[in-house]
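Before anything else, here is the set of structures, which you'll find just below.
Next come two complexes built around chain A: one with chain B, the other with chain C.
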Partner chain A sequence: MEKVLNKLIKEIITTEELNSILLEIDKIQREVFEKQNGSLSKIAKELENHQLENYLLELEKIYPKNPEEQFSSLEKLKKNLQIISQIRIQIAYPVSKAFLKNIVSWIEKETHKKLILDIILNPKIVGGAIIEYQGKYENFSLEKEIDKIIREKQI
Partner chain B sequence: MAYNYAEYMPLIIIMLTTVLLFFLIHLLFYYLQRKKELLLTFKPSESSQKEIDKLIASEMRPIILEANQKIRESSERVTNSYEKEMQGLLENMRSQSTNLVREFFNQNKQIKNNIEKLNQKIEVDFSKLHQAIMNKQEKLYEIGENNLTEEIARLAQEHQQAKTFFMEEASKEIKISGDKFTKQIYPIYQKAVGNIEEKISATQEEIKKYKEERFKELDKKIYQKLGKIAKKTIGKVIDLSTHEELIANAFEKAKKEIF
Partner chain C sequence: MNEFELYLEKNKEIGRVSAFFQSTAHISGLPTLRIGEMIITESGIKGIVHGLKKDLAETLMLDAKNLRAGESVARSGKLFEIPVNENLLGRIVNPLCQPIDNQGPIREKKIFKKLQKTAPPFIKRARIKQPLETGIMMVDLLVPIGEGQRELIIGDAKTGKTTLLLQSLLGQTKKGAICIYVGIRKKDIAIKLIEDYLKKQGVFSQTIIINTTPDDSTTLSYLAPYSGMTIAEYFKDKGKKVAIIFDDLSTHAKVYREISLLLKRPPGRNLYPGDIFHIHAALLERAGNFKDKEGETSITALPVAETLENDISGYIQTNLMAMTDGHIFFDINEFRKGKRPAINAFLSVSRVGNQTKTPIEREVAGWVRKKLLEYERTLELAQFGTELTEETQKTIELGKRMEVLFNQSPEAIIPHNLQIILIGLLISDFWGNKSTVTMEEDIDKILEVYNKKNNLPELGEEIKDIKDITHLLFLIKEMMHKIVQIVM
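And now, the complex of A and B:
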């Protein structure tokens, strides 16, 4: 179970994905009692987000047709996901998922922590990124460079 | 060497007086003892004693013999009478005990016979009673079983009839109502659902297309603007790879400052 949980956590890259998964878990928790009577494999097939599929199948193996235990395990999963540290970045426009994955892997390697990216699109910064983490703020955008050049030209 | 006897004279006198007094007292006691013997004891002479003994023996022998004879006779008589009496008593006791034993055995036999008879009677009565109970029970059981079976069968039949009746009635009612309802509602429902589904899917499709187009337009505009800005400021156009490279550089710089 821990292996599946670690895999799930590792696959989460952005806060957007995390929030989507949390909403999905809420939905599953309702369905566990209302519709499927503890049959998580049926729920897993209907998921929009397939990241939870393996976790649900594993959960059903451990607690087959036991909605109470399934519900409390999903609640624990939510808590585990909610405590993942986040790093906020402002970028000018979207980037590929593969690139974001590389960034997260690089951060994990450097900090030895699991971090996810809270991405804010801000075209004003033109390029580069503004990074906020644990109360620290650093502007590594082109906006800053452009301002600098404009100021120099005006002078 | 000359002794002075005058000095020892009182002592000699005292000693002599003491000896004299001893003899006198001894004589007095002797006299008194002698007088006492003479006054209290009469002791015949040996010859007189022999004569006295002879006389007593001759006079007393017949008396003693007679007494002995009488005592023997008396004792024999007493012994005989006791023996007879004892024999009588023993005989009586024996006969009584024999009678008692015989009586006891007779009585015991009678009791035994009585008990046997009673047992036989009880057994007979009990078997009769048992048979009667069994017969009664069997009859009751037969009656009860028959009644119960009949009752159950009757109830089951009634239940089945009622169930069938209600089921049929309910089915008819449901069928009638259902048919009516289906006839009335189904076309409306089908139409409504069809319309809604069509509308939803059409709208979703439109939204999706609009979104994609708008995003493309926005991206295009953004890229154009950014391109212009970048070209004006840093002298080159920012494509996707440059954009990602700039972000990666930002993280590299943040390594020292933030992480």
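And now, the complex of A and C:
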């Protein structure tokens, strides 16, 4: 179970993805509550997220025909996902998912922590990035550099 | 770059407004924030950190009307400060030292002073030795105040508390002191009346009025006394004597209660938070008589507390009594009887004022207190309608004359030396069988001559040398012809 959970968490890169998974889990919980038959395989087949699908199948194996336990396990999963630290990055233009994945794996390698990216598009910063993490703020934007040059020239 | 961006770049910390209600806000982020620090939002709204929780900071915002949830917040890295300079004199400002009197901006270079500071330690304090002359006989004789003392003015609304404060303010400014009046949730009309009185007396240029109206935010009202004290400390550091009036701290306590309840702090007695005593004590501790390089300087604090139907046993009222060096009690019953100022001398206390008095002043005060007490008791007995002995009638007559003597109009400031002379005249039975109306006229005449012509210049020196009442009566006898000429 832990392996499947780790894989699911590892797959999440951005807050957008996290939010969509949380919505999916809500939906699954609703169905589990309504049907009360303890069958998760049917629901799993309809899911787009492969890792979440695996998680549900694994859950069904552990708690077959036990909707109550399935429901509370999904609740625990939601809590586990909600506590993942986020790092907010402002960038000027959209970047590919592969690029974001590279960033996340680099951060994880450096910090030994699972982090997800809260990407905000802000064309005002021209280029580079503004990074916020747990109240810390670093401005690596091109806007700041341009401002600096303008100020120096004015002096 | 605006102020927010500058602080963000400087401190490299960012937070978000996670919730806000009225003038309080919860801020997440900003990991190294301190209590009392100034913060600024993306839209330029400033705030002050009031409390810190595990993941949140409780802040008091100066303008909560335009605040948005999720807005970015930067810390300033410094405690909340206000700009002060000498040009604040003669102005009416809000607690942020921004003028509210339509007289234009406050010019010249300003010094930024921290709003919340710890009180000076014991080692920097000096014994209170100088009397603070209010010019009100009842106060100066029976409840004397010393420079650097904290004396509570307590009483019902509309009993003449502000009048007494203004009279004492007048007496102080005439001696060159700086006076600061802090109004908490006072209506503009009340401030206008104070301004007019001070302007009429020609002392407005030595006064600063800090006011918040009932329409202002709770944060501003909460900060008003701290702002006043900070300005007082600025002038004290310049070697000037300062008198500060807080009108009134019971309203301030209500403001603080409002803030604490909004911040969901556990309510205590009368719903006030547990630290209500601390916040007022910490404020009033900043007043006192201090050692200076060139001698001594002082901040005399005159906080006001309002009561309801003479009930001085209220929570805030007793708190304030405990943290001050005495209190002057304005009795609504005395006020209804027509006594002005309506001070109840028997329920008023001055714990350090007596040490500023000379032996003759102490003896005169003792005599007055004794006679007043006799008068009160005799009046109570006289109510039963029994036939009064000659001695009892004399006591009542003397008591009535003392009442006339202690009844003062707001404009009448009786100098200290003259107060002793007037009591001397009373003891020597100067007014004999004259009516109380004639007595009132005589007092006015003597006061007028003393103030305008300074007809009794030698009085000051002579009063200093008087040892006891017998000596005083001898002096009165010597100057009798002069006084008779004045009242003729």
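The rule is simple: the second predicted complex is superposed on the first by the 145 of 155 C-alpha atoms of A that agree within 3 Å, B and C clash if a C-alpha of one lies under 4 Å from a C-alpha of the other, contacts with A are read in each partner's own complex, and residues count from 1 in each chain.
By definition in this document, a residue touches a chain if its C-beta (ideal position, glycine included) is under 8 Å from a C-beta of that chain, and two chains touch if they have at least 3 such contacts.
Keep in mind the model is a prediction, meaning the values are calculated, not measured.
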Open item on the list: One more residue to check, A:I149. First (chain B), second (chain C), both or neither?
Closed with: first
Open item on the list: If we overlay the two complexes on their shared chain A, which of chain B and chain C does A:E46 touch? Say first, second, both or neither.
Closed with: neither
Task: Contacts of A:K136 with chain B and chain C, given as first, second, both or neither - done: both
Task: Per-residue contact with chain A, leading partner among chain C and chain B - done: B
TODO: Figure out whether A:D26 sits in contact with chain B (first) or chain C (second), or with both, or with neither.
DONE: neither
TODO: Determine, under the contact definition given at the top, whether A:E16 touches first (chain B), second (chain C), both, or neither.
DONE: neither
Open item on the list: Per the definitions at the top, what is the overlap between the chain A residues touching chain B and those touching chain C?
Closed with: 134, 136, 138
Task: Of all residues in chain B, those that touch chain A in their complex - done: 219, 222-223, 225-226, 229-230, 233-234, 238, 240, 242-244, 246-251, 253-255, 257-259
Open item on the list: Give the list of chain A residues in touch with chain C in this complex.
Closed with: 132, 134-139, 144, 147
TODO: Over in the complex, which chain A residues touch chain B? Could you list them?
DONE: 89, 91-93, 95-96, 99, 103, 106-107, 110-111, 123, 126-129, 131, 133-134, 136, 138, 140-142, 145-146, 149-150
Task: Contact set on chain C toward chain A in their complex - done: 1, 8-9, 12-15, 28-31
